[in-house]
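Here it is, the structure, as structure tokens.
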């Protein structure tokens, strides 16, 4: 246990525990392993960023937590929220959690809104559904929330999604997600399709949620620098696995996994060095370490055996305490962890 | 607005931008995820395997009808034009009895499958060819070509086909080739619309852009890049056209407008209806041809259904 | 040009095309145009034939005939049936009400039940009850309406004696007409439900995969709520026009049902005129049916723009 912080307090502060979560999709060409053995904790009032390139399975992971995957998905593992495993709940029970306790911001706000329903009714919908409020009274609250996210004037709320810009639709979606003050908000690529200024705006709004609404945020993005600027902790995903997790500042400043390092190297300010090779197929992932075909420090061992998540050797103990404390048996699960033979 | 409406029977895809992204998202893309892999060879649509039970049933039914039509001379117990004793109930000599003229109904039934299948497939081939061509040109060139072609399609779409065929057939006293031709010329519209909206989506994909930047001619791109990628839409559409044409043929011959020189199911029912077979309760006269019509149409529709459903199976992954 | 205007223009063009087609057919088909225009029942002497020929303007140049034809159409003059000794327009007018009596309730029932049942079937694809529903309506979908009528007539009237065998009425009282109409309306409704069912099912199958449906689920909507709050309206949208276009097909189905049930409506009018080669009646009926279908399409378009805000704002 760490000095100064009692275990009970930690117990309270953890609100979501994902353990050994795997998702696969059977297809005619074989099984697509979209996520494999994902484990992480989400703490109260923190922003955890999940970073990875397109197709690494991060959106699938987000949908899997709320059980929003299509029916053919095969999911195993556990997602413990409060004292209940979300994966074991009935559809009816989880639908009560969706939107009220855990809400989600989709990556394509313009398409995620129903084109035939006025904006105010869509924002107010969670109120009608979860609280059984009338349309009229819920509209008033919807308006209040929408105004706090800058949606006001010009009868915007009486408009239809196609009449609004992408940024406005995004704000409407964020308003919808916070309207019932959920404990967790999962934001799936909230900046996708927005131009730079709007993306920044959206990020500012999302990070304000933490303070204003007291919710934790699981931010899914491919933008490493954005993630490091906003989030408290960061997990890097590659080919369906988390390869590195730790405090954002540490991961960003001093990435340990070769993939994290390569991702950082891709940033314009670091010389825009592309990662050699292409992302592997999720149907037949490479044997051993999944990154080995593209890794510059590959050894014979990397080819043969898959590395496990392990506490990073080089991470200093003092830094490990920071934001994330450890709860019980496995000290390793809270600090900096890397999935690499060399670290 | 023309783009928003679509005539499709089971699964109508629309041309709005929403649909376009969905198509891309709906494709299981195991590879790298770049646009080149969207090309035809990586679509797993027609691989063997996941053909559902109804689809299999349809295929079997259809094959038996096809066999019946191609080898009717060998399968039929007797010549359908030879006269025996009239109004015989089903029995050992004549499995399904005889009609008012003493023709063996089972033999008539077997010979009748020919007209149904020929008209169905002939009309569907013609209509699918026309529809695909018009849809491809309209979707690929957009602009004025699209406006004109889709205008024509809209107008054709609004004309009720069966009444028009009745009027034309009343004047023409047609052969069954003529019926197939008429149906084919009237039934291309729905195919054209679906093909157009698919073409509109495909033409925006990067591998088409790639072909264009390499200087390939428009025709080359349309037929060797766009066409193979919409083939999976054409086939179910074709099967539905076959089914529609078969029902239409049966309806026309029920009115006595069919080809009198050929046995056809619709005409058998017509005779049973007008010559007292129905009133006297000779069920073996009209029940078998009616069931044959329904089953043959069902077999074709089930196959089309199975193909489309399989397309729907590939659900959204990322 | 706005889409609504474009649509209207297309309707007008379709109307124009149909009238022209009606003008061209009897004049271009094999045989004497006079016979083609009068019907094969009209026996004429040499003298009266040439008299009629000039009376009907058949000796005039074609473009003048064409203008005259338009003039008569616009004054609702569709010709004269020598077979039935009556003007075609009054014949159609008197028969049409019976067809409408059959078609309007059945089409409404078909639209309502077809979309709801079809929507549910698409939403719960693969679940037991919906499978049975789909199989049932698929069978009906594949059966020509006249055979369906024959089956119903055989079973309910012939075998069970629940309904009269033919005709529209025997005493003319309301109950009597309703009793006669019950079975045809039932068959017609089944036929129309089956078509709308299949269309709606397909549309919902597409809509339920859309992002907004997934988002509705993420908001906490449960089961059928998503269908009825979100997908239903969206799925209905593209098929309003499809249903309207299908109207022509369903309407032709009504004609066949009438023939089997020996009802005195448009279907039998067309059938009788076919048997006696009464061409004026045939053509007049075709014209009227087409106009009705085109009008139904226009109505559907109006409805469409009422539901879809995107069209309204264009």
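Each chain carries a letter (A, B and C) given by its place in the written order, and its residues are counted from 1.
Throughout what follows, a residue touches a chain if its C-beta (ideal position, glycine included) is under 8 Å from a C-beta of that chain, and two chains touch if they have at least 3 such contacts.
This one's a predicted model, so the numbers in the text were calculated from it and none came from an experiment.
Chain B has the Cα centre that lies closest to the mean of all protein Cα atoms in view.
The chain with its CA mean position farthest from that of chain A is C. Annotation: 54 Å between the Cα-based centres of chain A and chain C.
Look at where the CA atoms of chain B average out and do the same for chain C: the two points lie 21 Å apart. One simple way to say how far apart two chains are is to compare their mean CA positions; for chain A and chain B this gives 47 Å. Chain B has residues 18, 315-316 in contact with two or more other chains.
For chain A, residues that reach two or more other chains under the stated contact definition are 108, 111, 115. Annotation for chain C: residues 210-211, 214, 237, 308, 310 touch two or more other chains. Chain A makes touch with chain C in their complex at residues 66, 68, 91-92, 95-100, 103-104, 106, 108, 111-117, 125-126, 129-130, 160, 162-163, 176. Only residues 1-2, 4-14, 18, 22, 26, 151, 154-155, 157-164, 166-168, 170-172, 243, 247, 250-251, 254-257, 266, 269, 273, 278, 281, 283, 286, 290, 293-295, 297-298, 301-302, 305, 308, 312, 315-316 of chain B touch chain C when the two sit together in their complex. Here chain C touches chain B in the complex through residues 3-4, 6-7, 10-11, 13-14, 17-18, 21, 25-26, 29-31, 36, 138-139, 141-144, 146-147, 150-151, 153-154, 158, 198-199, 201-203, 205-206, 209-211, 214, 237-242, 245, 248-249, 251-252, 255-256, 259-260, 270-271, 274-275, 277, 279, 282-283, 285-286, 289-290, 293-294, 297, 301, 304-305, 308, 310-311, 314, going by the rule given at the top. Chain C meets chain A in the complex at residues 210-212, 214-223, 225, 229-230, 233-234, 237, 307-310, 313.
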